[in-house]
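Structure first, then comments.
Naming follows writing order (A, B, C and D), and every chain is counted from residue 1.
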Amino acid sequence: MKPVNAVITKIVDETPTIRTFYFDTSFEPVPGQFVMVWIRGVDEIPMALSYDNAITVQKVGHATSALFELEEGDSVGIRGPFGNGFDVKKGHIVLVTGGLGAAPLAPLAEKAGASGIKVTTLLGAKTKDELLFRERFEAVGEVRVATDDGSIGKHGYVTQLLEDAKNYSQLYCCGPEIMMKKVLDKVVPSKAQFSLHRYIKCGIGICGACCVDGLRVCKDGPVFSGDILKRTEFGVYRRNECGERIKV
Amino acid sequence: MKPVNAVITKIVDETPTIRTFYFDTSFEPVPGQFVMVWIRGVDEIPMALSYDNAITVQKVGHATSALFELEEGDSVGIRGPFGNGFDVKKGHIVLVTGGLGAAPLAPLAEKAGASGIKVTTLLGAKTKDELLFRERFEAVGEVRVATDDGSIGKHGYVTQLLEDAKNYSQLYCCGPEIMMKKVLDKVVPSKAQFSLHRYIKCGIGICGACCVDGLRVCKDGPVFSGDILKRTEFGVYRRNECGERIKV
Amino acid sequence: MLSITLTGLKLKNPLMLAAGIMGTTGGSLKRVAESGAGAVVTKSIGLEPKSGHSNPSMVEVDCGYLNAMGLPNPSYKNFQEEIDTAKEGDVPVIASIFGGCSLDFSEIASALRADAFELNVSCPHAHGYGSEIGTDQALVEDITRAVKDAVKVPVWVKLTPNVTDIKSIGLAAEHGGADAVVAINTIRGMAIDIESGYPILGNKFGGLSGRAIKPVAIKCVYDLYETLDIPVIGVGGISDWRDAVEFIMAGAQAVEIGSAVGNNINIFNDISSGMEAFLEEKEWTLDDIYGVAHEV
Amino acid sequence: MLSITLTGLKLKNPLMLAAGIMGTTGGSLKRVAESGAGAVVTKSIGLEPKSGHSNPSMVEVDCGYLNAMGLPNPSYKNFQEEIDTAKEGDVPVIASIFGGCSLDFSEIASALRADAFELNVSCPHAHGYGSEIGTDQALVEDITRAVKDAVKVPVWVKLTPNVTDIKSIGLAAEHGGADAVVAINTIRGMAIDIESGYPILGNKFGGLSGRAIKPVAIKCVYDLYETLDIPVIGVGGISDWRDAVEFIMAGAQAVEIGSAVGNNINIFNDISSGMEAFLEEKEWTLDDIYGVAHEV
């Protein structure tokens, strides 16, 4: 599929560094799927769909900065949705988010909540102002908060909020890889799903740039079950744009 | 579409020069549609479907001779069905055939007969032995016969059997072009359909080899209404393989 | 809003019938003209009547067609009346011609009256003609100049993509005095019947056309636009208005449509209205999009 | 029944992973090996780590894909461990390598242990590499000889279709001592976003792969088989067992599969069983169909 022209209809500041861009196009994703966002003349980067028709972006480098310069009425090219998305399980689920990790998990929370699944969210961020989508998670269940600087909630990492892991039917996690690795080490791997970040080039499962051992994040993932990840380099090293190994 | 491999399951001698080849594949044609029959290593030639799964061939040159050398179990490549086929009208229809022209008309007779349409056939051939599909036409209605040599039926051309043209709701005609032209001159053009023969190369409406003025026999035809043909070179000249005009 | 002037010819729209498509008879050319084409190009016409390769001469493949017609044509000696009939369609009629050397080309061009000539030095499956000469810069320049000397109307040169560097061949045409280049002719290709092992085409191999080749054609047009001063006419795989727009953005001043005519003879009208609606919505003119891919 | 010996390598089937497809990490190569491939070819590896062209680096088009990865790779200095991991998949691992001159190639080849080398002189979108050298007979011969001198394992040369005459480049490889040629790499192509006029790929143009290019690849394999004494390995647009059979009939001793792996990583098993069923039904062996299109 060629990029679809998606016109920005609304821009919302979520935190001082994070903005949501709404488009005129709905991508009808499964929660956890992502799109490739082409900022023309700049770069094309992967972004989770935080709503059916929106992405939520943190300004970190040249492409995200270029995105932050766009205004309502401007457009980007979008390919996708790609990947598998989360597999929603019945019972009482727990979501563990770190920073931007809330972006793919918020639609999951809403979908699960709407179908009567009990949802608890452990929401982590660097500081109070950077907590993302707190209200969306609160609307469907209990939310516990942790911040690195202690400006709100628990002072420390969100992983520290996770003590009763075995009480949940399934755990869903997205955040920095080190954080996810810590979570994986605390849970029954088969009862946890993780949404991974890797360097994405093609986005369609061909080039292999995104591989975690044999697994393609863009096609077989980005969501993987913990028991699959246990057997891989996940949490140990990732690859840079060249395919060189980089310690996580 | 690439050629389908069609295995010859049965060969029937219809007349001393005409054979029917049955295939293991049904092409589900509209009566009057044709296929391109590829005798591998020799040539590919157009043939009307005389049954859903058969063609009826007169040996006239190198490709048809090669076809006559094939046996049951041998195969040919077939593309199609192509073209429009006859438009079946209610009421009392008349079929006018000359020689091989019976091949596309016999399935039309059967289809019309099966749906309660009254069918009269004027069946022409050079001589008694060369009358094609007489029983198939007789099974669905009255048949009147003419032979060039008078060996059976009227002595003369089948066109001479056509006196009461206006009594029929629709006339269907296939045979040598001169014969069809004579028929066209005798009828209300809009009440007659003619199946044309032209040199076919691509069979799919692209190359233009088969054009009768602007009309592509392979795609817009091979069946045309008389009123359309009235305005063309039909019956005046045809084209050879080079596209040169040849008097009919 | 789609009208253009192309090498001096006034076209109501930039959409032309490609050579070899319904182009052997005046009647069929006229029909296409009346179906909305801005101009029509005839089948390539040679010195003597030619019946072409034996069948199968065309076969559908994934996303396109392979053909090896073998340049069947009635010879220029029998073709003026077809051109005259085509002219009744009231759009420019471009005579596509082919030959084995510059003398052939100029003999044919001098004998025919047409609104322009398109020199086919690019057919990939006619031995001694077409791309066998169109890969040679000196020959292309020579032939172009010979035809330019022989006629007063615009001369276009149709290029083959089956070369290491299409730009150098385009330059040769420009040096020879061409008024425009046309890119691309079909790409060498082949299909084999796995039931029997036979190559499907009577000629064994042929030329690939249709949607499959569009990205290749776009790249050729883009490169030629960068290199040449004369206009580039785009052809290859156009099947809807989006494709036509893409070619114009790549640098084509006009386009030709071939294979897609088979399933939709009304394609010229369809594309015109699609393009008009698009330009209107974007508030762009044809000129705004012409070559724009080079400027962004 | 599908096993073959290819340039001395024993393969359980003639279906290999093409270069550049899930080929940067040992883990992914191993996975493909375990999914039924007869052998796997790595991503093309160069002298220094390279991040490739900026995104978009791949886009789907009608019946295929355009890519301009720009040869991202971790350099041969970081690649032996990946090859070693790949070897755990228990099939031959072929190292694809690229460079700017014969010295680059032989430096890389001498440093890597692999079951064979495939020389990429054909990537259409890496400046100074790939097809910029693979269109030059002397360079191809030179590079091939340099690598042959440097290693003891078989050396294959991967050819570009973006040339006037692929046979002459194949001959150059043969003269240089190549054990086989591989045809084809992608075809130069380009796509433009009509909403904005931007070429879609970050590199503006790229290489066309997938079903669109199969007829072109078949023709190249057919021509090379006629011309060369060394085996030809076919690649380009294979997406089912029929395609694989078609290549072998055209003269490919084995084939490589690229783009189609994206949607079906199990394609090697699927094609093996399809081919086996076909050969059984026809009562043919692999040898019966090899090059048969030349004999009918």
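Definition applied: a residue touches a chain if its C-beta (ideal position, glycine included) is under 8 Å from a C-beta of that chain, and two chains touch if they have at least 3 such contacts.
These figures come from a predicted structure and were not determined experimentally.
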{"item": "Neighbouring chains common to subunit B and subunit D, by label", "value": "C"}
{"item": "Chain located farthest away, centre of subunit A as origin (C-alpha)", "value": "B"}
{"item": "Whole-Å separation of chain centres (CA-atom averages), subunit A against subunit B", "value": "66"}
{"item": "Separation of subunit C from subunit D, taking each centre as the mean of its C-alpha atoms, in whole Å", "value": "33"}
{"item": "Inter-centroid spacing, subunit C versus subunit A (mean Cα positions, whole Å)", "value": "50"}
{"item": "Averaged-CA centre spacing for the pair subunit C and subunit B, given as whole angstrom", "value": "35"}
{"item": "Junction residues of subunit D, two or more chains touched", "value": "61, 191, 196, 198, 296"}
{"item": "Residue list for subunit B, restricted to those that touch at least two other chains", "value": "40-41"}
{"item": "Touch-based graph of the chains, sorted into line, ring, star, complete or other", "value": "line"}
{"item": "Touch relationships between chains, expressed as pairs", "value": "A-D, B-C, C-D"}
{"item": "Touch list for subunit B against partner subunit C, complex", "value": "1-3, 5, 36, 38, 40-41, 43-45, 75, 77, 79, 201-209, 211-216, 219, 232-233, 239-245"}
{"item": "Subunit A-facing residues of subunit D, complex", "value": "20-25, 27-28, 30-32, 43, 49-52, 54-61, 65, 67, 69, 72-75, 78, 191, 193, 195-196, 198, 200, 202, 258-259, 261-263, 265"}
{"item": "Residue numbers on subunit C that touch subunit D, as the complex places them", "value": "61-64, 66, 135, 162-164, 187-192, 194, 196-199, 204-205, 208, 211-216, 218-219, 222, 237, 242, 245-246, 249-250, 278, 289, 292-293, 295-296"}
